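The letters A, B, C, D, E and F name the chains in turn, as written, and every chain counts its residues from 1.
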Amino acid sequence: MAREDGRSPGQIRPVTITRDWLAHAEGSVLVEFGGTKVLCAATVQDSVPRWRRGSGLGWITAEYAMLPRSTNTRTDRESVRGKIGGRTHEISRLIGRSLRACVDYKALGENSIVLDCDVLQADGGTRTAAITGAYVALADAIGWMRKRKMCSGDPLVNSVAAVSVGIVGTTPLLDLCYTEDVAAETDMNVVMTGTGEFVEVQGTAEGVPFDRSTLDALLDLAATGCAELTRLQREALS
Amino acid sequence: MAREDGRSPGQIRPVTITRDWLAHAEGSVLVEFGGTKVLCAATVQDSVPRWRRGSGLGWITAEYAMLPRSTNTRTDRESVRGKIGGRTHEISRLIGRSLRACVDYKALGENSIVLDCDVLQADGGTRTAAITGAYVALADAIGWMRKRKMCSGDPLVNSVAAVSVGIVGTTPLLDLCYTEDVAAETDMNVVMTGTGEFVEVQGTAEGVPFDRSTLDALLDLAATGCAELTRLQREALS
Amino acid sequence: MAREDGRSPGQIRPVTITRDWLAHAEGSVLVEFGGTKVLCAATVQDSVPRWRRGSGLGWITAEYAMLPRSTNTRTDRESVRGKIGGRTHEISRLIGRSLRACVDYKALGENSIVLDCDVLQADGGTRTAAITGAYVALADAIGWMRKRKMCSGDPLVNSVAAVSVGIVGTTPLLDLCYTEDVAAETDMNVVMTGTGEFVEVQGTAEGVPFDRSTLDALLDLAATGCAELTRLQREALS
Amino acid sequence: MAREDGRSPGQIRPVTITRDWLAHAEGSVLVEFGGTKVLCAATVQDSVPRWRRGSGLGWITAEYAMLPRSTNTRTDRESVRGKIGGRTHEISRLIGRSLRACVDYKALGENSIVLDCDVLQADGGTRTAAITGAYVALADAIGWMRKRKMCSGDPLVNSVAAVSVGIVGTTPLLDLCYTEDVAAETDMNVVMTGTGEFVEVQGTAEGVPFDRSTLDALLDLAATGCAELTRLQREALS
Amino acid sequence: MAREDGRSPGQIRPVTITRDWLAHAEGSVLVEFGGTKVLCAATVQDSVPRWRRGSGLGWITAEYAMLPRSTNTRTDRESVRGKIGGRTHEISRLIGRSLRACVDYKALGENSIVLDCDVLQADGGTRTAAITGAYVALADAIGWMRKRKMCSGDPLVNSVAAVSVGIVGTTPLLDLCYTEDVAAETDMNVVMTGTGEFVEVQGTAEGVPFDRSTLDALLDLAATGCAELTRLQREALS
Amino acid sequence: MAREDGRSPGQIRPVTITRDWLAHAEGSVLVEFGGTKVLCAATVQDSVPRWRRGSGLGWITAEYAMLPRSTNTRTDRESVRGKIGGRTHEISRLIGRSLRACVDYKALGENSIVLDCDVLQADGGTRTAAITGAYVALADAIGWMRKRKMCSGDPLVNSVAAVSVGIVGTTPLLDLCYTEDVAAETDMNVVMTGTGEFVEVQGTAEGVPFDRSTLDALLDLAATGCAELTRLQREALS
């Protein structure tokens, strides 16, 4: 099966990671996975949520949103509807959990970092692009804190990247674009550390349920994708 | 490592499935996984959401909620707070997706079934108990429809059950109770069909990221758990 | 006029009061008035609302809600609609006021008790069943506090029970089930203490306005109903 | 016990009913019970709520609200808080139910009348003043409809008035002002027709529960109050 | 072009300013610009918003709202809709900004004054009537504070009045009533101090864009209108 | 007085207008006024709001929002707070009104264009940049429609641009950046057509009220700024 943009099944899209895209944020990245563009901004706050005060530990949180015309047809604003949808909630929580996996809360001290991931243009894989870009923004924000001696040692204990995989027809594909995502029988998002462990595995049978060997093939593909993204993150940060 | 209720690592809790717990619903089940009690009610509606009208296809949706004192300390009502939290959204969506995997929309015709899963008492695994119980309520609601000739053929093409698995210390455990869930390094919810395929795999490293062999061990454990639950569902329905 | 369940006009439905239905709550009761089932949970909190701090006095509050499929046709969740309806507000306030009538705030000290009354199945009289059951849950929660020396003396100075009465056709009936409630010209909810005084009287002419002698007949009927419920509460608590 | 404004226990406050206070509404009344001022506006709509369409029957509904500085200290706007409080809901529903008792839905045809009761200044008894004034606005709106032949026959089959009664110390008092209302042990709102039947009786023991003879004394007092208000309504409308 | 109420183009409507319309507020005014009636209540609070605490400076804020039947056809309540509309927000902010222009925050001390402007009847120019009336209520509230020695010196350093102007056909008109406002090509609201400076100028081309000479003509007209309103405010306060 | 970026008082910041910044929108522009970056997306919809149906006329509307970290310190999302703030409402309405001034609704037919203006980075003048950029996105969207014969003739009858002016110290300045905006005594936003007429004039005395000659000086300055922006818009579109 040929992919519409000519990639091989195990190939990710062209990825660009542009640091310092915003003037005000302590870390900011415009990350592009092909046609998907996500603006990731890291904000440092010298406080933690109420339930964590006095613990000596920091906190990382994330908020994901899509601009109304990032999508093919316009989507109503959640601010106008007056409530946040289930999908937005779910992805915000996923990004937060993923990034918390590479941070040492003790070294961070009682500080918080908020990662705002706003999708400017969507073409599949917005959540995995967001995680991959937000990691770089987070690294910059922690660098900013370390310069100001806001933390002791290095709070960044690993790196984190994410990629989608799926079965289209019967072929396992890496890094699905929008039309592939819509056509996929099975869709999986995998978040991995720079050292190759899993942080999050979320696989869903959109159509036909899948067996163990399919699952294994998808996990293999995801591992190569995350390794490649890890390499690109390192390159961007060096 | 001994489990606090004396179970072996690969053993599920005592499960009871009580059908027809409610007088009004077309299908209703009180499902218990040890101390976790979830009331699952299936409502048949002879219409589908607007975006699906005229397609000839049916729809399945689910709503999950916890009673305020189902938990150890009281949780504020989402109706009083005026909005639904991210966790509630996420689980409602998971239950809906899981049950849609065992239904033939065409046979269902332009009818909907809503699965309300209300947690009366929580002791870990509320979402997996909800899926497992909701399947039985769904089966009863579809039986109710077939008696009334509301659908053509059998819309129920498979069964669905779910279980949690996790690593506590270094031991993989099946069907975590609340204290085990809190202690787990890695936590995974697995939804499988009665014929042993995966519908949904959601694994999260709460603490240390996990490697592939750990993931494999958890998937093996989940498969035995889901098989046992499938047996109990069949027993309850016969 | 014969009642559909064979009761005489002045007879209440079979009532069951099951204590300790929940594992976590300080007091919990599943109360059944015929087909009406309400789960009442009492939560003890060692604080009072802001406006009452420093007064040395306690507080009692209540929240009432119906599960979506407790009713004949499914009712949308108030959490999903994002606001609480007028009827829910009204009944929550009624339950709170009723239970406050049997409590000595000074003896309670600066503690609060929240009564959550969730209707699992509705067949008329849900608010009166809720009050009657919540009293027993409250008594258990106060017993729990006294064991822990959280209050001085006995904060429970009386008991409280409630019943509905109404005119169907021209006959005054006690404890209306759903079909009777719908048919009633006049509908009254009466809350009384264990010693026979009124706490709340709420009578409404749904159809034709009613005269004083009708009102008197309904109050007489309510008094016998509350006396019988008081007896059943005592029995359950002994 | 002397009342602060010199009234006898069974005397209502000076009442003024000013018709046509607003230019646009089909009926409008500024009603004053002593220091309590409520602006009642009746709006005629040539449609009914969805659930009533095609029935040939009309509908009456009401909305009650207080201006932020109608009270002694400023109350936040419910529009700013983003939700309607329980008390507002409860009173709006009471006013609607009360006025529906004097209307023949069939004669009204498929038209609605909305009664907006806005408290400009509060000094106790705002809900009873609102009902008493809204009746006159309703009568004017129905007159307006009859002139335009929007209804067949006279939809107004009776009149409705309301008054508060209560026990302060041990004395039953009629038409409580704010300071009396705060001091009352028992507080009752009674809605009666112009022909002396009850439409609504709502009695609450704010302090000590009350016995049957107290209830009887309050009902007697309310009956004289409503009769006097009925006389004033007739006078205003003639 | 003749105006429907016989006014000359440069003439304002009959204006009445009734002080002390409410019993509880520290300052209150019923202001009428022809058929437009706005109730303005000033509330003194001995605190300031969080962001201003410890500054030694006071604050002035305003809230504008319309009663549902102040308008020709009934408008839904913003409290019922659960959110405040853009127009309400905009006018509330305009009133607050305008009144802040005549207050010395330092002399006011750490106190706030809230101006509630509720439109009882609308016939064009509700925002300008609100500003003009609210100034008088503010002056009374500040007088009330000065009697109680709550402020040092006189916080009132100027007066503020507002009027609308517009082009109907080709004629510049002062103080537009509703039908003129609807017909206007250009519509401008001007807020000026008692000493003739501008506080706010808001001009909008509803139809054809306007040139500089039209703008100049409208500003001239507004200046005469505000001067006349300033005279009436002084008269009312003396 | 020297400006911090070395501009003369009557000079606008470097402006860039990048068309087709987004892949999906019918028109899209990234507009930059110095450090202010606004992404303007135009969406064509083949329908109009309910109140305009059947009129044969089109409609233009706009929504403005700021990304949380577009500002110096992070601003909470309005979607998370559950409501839109007054400032957002006000600016969205201003943008919509401004763009409607250059459109012939009849030529547009019963189609709508929504202009989404999302501030990616804020450094003063976000609303004027939004209007100036949105006009170009609108022109592209109308071009897109004309290619598809969705409208008759040219719906674009003029162009629209906007700029801020203000008094800092005693100097009138054109196109204020953030620090100048904060320091300004008087602040004015002016929207003008490409042919030099006014569409909207909004001047506010943030500090000391201003006299007519100041107003005149600011209007002169704004006219030169809008003329320059009109030239840049034409250049971008050619």
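Assume a residue touches a chain if its C-beta (ideal position, glycine included) is under 8 Å from a C-beta of that chain, and two chains touch if they have at least 3 such contacts.
None of the values given here were measured: they were computed from a predicted structure.
K.L.:
Show which chains lie in contact with chain B and also with chain D.
P.N.:
Looking at chain D and chain B together, the chains touching each of them are C.
K.L.:
Count the smallest number of chain-to-chain hops linking chain C with chain F, moving only between touching chains.
P.N.:
Minimum step count, chain C to chain F: 3.
K.L.:
Report the chain whose CA-based centre is farthest from the CA-based centre of chain B.
P.N.:
Checked the centroid distances; the maximum from chain B is E.
K.L.:
Same or different interface residues for chain D and chain E, judged by whether over half of the residue numbers are used by both?
P.N.:
same
K.L.:
Just give me the whole-number Å value for how far the CA centre of chain B lies from that of chain F.
P.N.:
51
K.L.:
Indicate the whole-number Å distance between the mean C-alpha point of chain B and the mean C-alpha point of chain C.
P.N.:
33
K.L.:
Report, in whole Å, the distance between the mean C-alpha point of chain A and the mean C-alpha point of chain D.
P.N.:
A distance of 59 Å separates the two centres.
K.L.:
Nearest whole angstrom, what separates the Cα centre of chain C from the Cα centre of chain D?
P.N.:
28
K.L.:
Going by the touch rule set out above, which residues of chain F reach two or more other chains?
P.N.:
82-84
K.L.:
Chain contact topology under the given definition, line, ring, star, complete or other?
P.N.:
If you draw each chain as a dot and join those that touch, you get a single closed ring.
K.L.:
What is the order of the chains around the ring when you begin with chain E and head toward chain F?
P.N.:
Beginning with chain E, then chain F, the ring reads E, F, A, B, C, D.
K.L.:
Taking the complex as given, what residues does chain E use to touch chain D?
P.N.:
That would be residues 22-25, 28, 35, 39, 41, 43, 45, 63, 65, 67-72, 74, 77-80, 82-84, 88, 114, 116, 118, 120-121, 123 of chain E.
K.L.:
Touching residues of chain A toward chain B in the complex: what are they?
P.N.:
The touching residues are 83-87, 89-90, 92-93, 97, 101, 158, 188, 192-193, 195-205, 208-212, 215, 219.
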